[in-house]
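You will see two complexes here that share subunit A, one where it goes with subunit B and one where it goes with subunit C.
And now, the complex of A and B:
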């Protein structure tokens, strides 16, 4: 038993690597005006397409080089992180709240509630998600809140499906029957007995969903449907980098690496958290 | 008013059907007197567990009670509003479940899980509930209550979990406990201890038990009365001692012959005779026919 405890508290590299990257990226985004070496919007045609620091011709202070308008790439990535994280947190929480609630109700109550909610999910998932997102933003108008809303509207089904299945499995367990015999009400059982057992899954999904929200936001920015202001976004930088790939590969490569690391970290962080907090798995 | 003691549980010609109209309980009548252990014995699928679930009000939604009454200490469960029925069942009954592995909530510690019911349903103070739980843990011979109360269910062995569940069942001083094959999922060596514990607590607390089992050996050890069930029908009912001394129904005799004996395990193993089963089938068919006539 003591060995088990020790293993449980041991350092999980996955948790720390993923969590570490997310923490660095998040802090950089929050304190962007202090951290960023340059003004992300300042153009200087004398400094256009400077290479990253280890290549000849690099300019000190422009660590990752500049784009075709002479704007500092590192600063643009740091400021782009602000929108990425705002969208990730807001959209994932909104999708989680709606999807988990409906999933819990469908899975625990079953019957008509389940049939209605499951059919809605089926219909919802028949839409191709990216096209759906583009359509929604086109209807809602561009801007931060409509991007968040669009992602939440599309992705609540992910939570709903998983939580429904988990709640359904838990509801068949004998401890639920025992609670019913003891005289607990249905809602009370759902919240006190079932919910704590699906929380680890909710946490893992929430983290995964944040990564997905980052990607969807990047896709919308890439097709110029995200935020209509001048604020840099990762998707927007990638779109610009695509145009100058032959002259300045770094403008495409660095935002891609940032995006991939962030999305990967979100999903791994969620899985590691689940493994750590699930009383049965740990 | 009669002078006879009111039975703790009185089931009168209870019939239940599945959604497709198939009968799963066939006019079952049985009663459990206060402080008495009534064994309900039969093979798998005979409807033993179904009767327990019917009493506790947790029948699966596919099963419908079509006839009969269930009286818990004289109160007709069928005549009560759902909420009043839940309250009555919650206050006066408890379940010792078959599988201790799934009968405890895996994400809650044992302590709060056990006291919760006393506090929330019966309105006890936290202190009183805690003292009560500790007393019961002592009665089921759990020596380190502090450690166990802080554990999550998966940190305890199956035998320990069943002890916890027995303590939880007796904690609220129910009048009737339904024990649904409480030893089936356990190790053979643990089975004996658990059985002895249940018998001990039953005597000390004077609780009536409806003891569901397929094991005649267990029946002989723990019960005063037996109902033998086949295909949802009570085929024989007797005092335990009488049943073992002189079983009346051919199925009961066949069931006893099919029980392995430690002295001569192979020679005495006999499956239930075909002729007995055929007799049972026609008995049940006749009963169903007679039952369908007035019920359409």
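And now, the complex of A and C:
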């Protein structure tokens, strides 16, 4: 009892920090045109490679400095958040929908449905995911929907594997047998009895997947295969920062911090949700 | 296993053939005639149906003929074998680092269980695990390439060094030939990318191994060793470790495939001349035969690792030995 309380107290601040960061980043992204101090695309060669505000030579209004084309870094990060969050939500939901559905079918029905789905998962797992993502975007053509589609096509297996195992465990429980005796159909049992019991896992995975999607989008834009090159993306800013690392370290440091905080927050959020829903851990 | 590989081959082939871009169009100079285009399409077999193309390609692959790279105009298998050693050396170095770091952390955490040291190890491994290799690579570039520039952050080996090597396993061969100047240079290039790949895996190893160690430590035979007067470190290393290591070992095998998958972007990040870096170039250049070859080699590697993990597990687990 005491231990449980202590654990909950230990989780809380982390959950608050994670949620707080995600909320701030999300709001900044949504209201980017109002929040961003500068136009993220405006180039000014007089202002190139300005350092962040606490270093001599900084210019007021350019809080985090500028890149090699004189574009304001903070504004680019804020606008880059738009792409990151759209990809995070859309790709994670799409992957979740496909993966959870197939996982539920494989785990509950078993038999040849399970064998076929598991075989496809095996094939999918034999691909290096980053290479697969780059390949898919190259094939689908760059653009927001291609990036989202590529991530969903690759990462549905994460949901499928976990949900299959959980649905399999659930379908052996007594209450499923009772529902069958009570006259429910198989699909009815799957949706009404099994699904609600695997929802906690789905929610936790969803949060983790959003963090993964943010990273994959950053990797794709790092190799210049994400959306069109004009709109700022976190990965694109990192690629610029990697090139000018010896002249302007801040162009790499700030997007990196932003990405790390976002990814950590999504995973902390996911773990906290899992702990909250999981009756064994609770 | 063969079905999985066949599935991979089919998926790669289908994915690539629905690509809208035309690789032939990119090869030709402006002003090429239709006859030129047709001849080139015939040369690369692009004028046949998709199913025909697939089986022509597959029968070639089974005979060791992966086709010719469109962008580099060289034999795909030769290109892949030229780069594969660099990636393998990187991946194995990363694996060894992960085992060393994770193992040390686990042993230390188990010895100091219940103290602030263990709590610190838990926080460190939690963080290491949540941050993917791509971001670790960037963090390491900033820390040890720029802030304290002690390691190289791009390439595999300094270009001014002469390399009289016959294989592409530079690291291995430099040690065999006692060319330690080359070894040092190679390691200086390899430390950071390998560490970036190793950290998430080290975290997993430390968490799982510590958990099993803490379970084993409470068993009677370990208590007996303690009563005999062994120190806690000796007890862990001599008695507990070999019984606690099995679950970790199988997990490491599976995670090793994820680590190899990570080399693709980490090699890019550090301009390391391995297979993954070449793969990204191949995708950007729409070099279909090369992409197919590389993806298939990666898939083969994954399948082989999983297979050897299964075999190792059967070998090491006494309960399965007679099964």
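Operating definition for what follows: the second predicted complex is superposed on the first by the 264 of 282 C-alpha atoms of A that agree within 3 Å, B and C clash if a C-alpha of one lies under 4 Å from a C-alpha of the other, contacts with A are read in each partner's own complex, and residues count from 1 in each chain.
Please note the rule applied: a residue touches a chain if its C-beta (ideal position, glycine included) is under 8 Å from a C-beta of that chain, and two chains touch if they have at least 3 such contacts.
Keep in mind it's a predicted model, so treat the numbers as computed, not measured.
When both complexes are overlaid on subunit A, subunit B and subunit C end up sitting side by side without clashing.
By the touch criterion defined above, A:226 lies against neither subunit B nor subunit C after alignment on the C-alpha atoms of chain A. Of the two partner chains, subunit C is the only one that A:264 touches; subunit B does not reach it.
Looking at the superposition, the partner that touches the larger set of subunit A residues, subunit B or subunit C, turns out to be C.
Looking at the shared chain after the overlay, A:242 reaches subunit C, while subunit B stays out of its contact range. When the two structures are aligned on the shared chain, A:196 is found in touch with subunit B, with no touch to subunit C.
In the superposed model, subunit B and subunit C sit 90 degrees apart as seen from the Cα centre of subunit A, a figure rounded to the nearest 10. Minimum Cα separation between subunit B and subunit C in the superposed model: 19 Å. Taken in their complex, subunit C has these residues touching subunit A: 3-5, 7-8, 11-12, 15-16, 18-20, 127, 130-132, 134-135, 138-139, 141-142, 145-146, 257, 260-265, 268-269, 276, 279-280, 283-284, 286, 291, 294-295, 298-299, 302-303. On the side of subunit A, the complex with subunit C involves touching residues 119-120, 122-123, 125-132, 134-136, 138-139, 141, 211-212, 215, 218-219, 222-225, 238, 242, 245-246, 249, 252-253, 256, 259-260, 263-264, 267-268. Those residues of subunit A whose C-beta lies close enough to touch subunit B in the complex are 1, 111, 173-175, 177-178, 180-184, 193, 196-197, 199, 279-280.
If you check the complex, the residues on subunit B that touch subunit A are 56-58, 61, 86-87, 89-91, 93-95, 97-99, 102-108, 117, 120-121, 152, 154-155.
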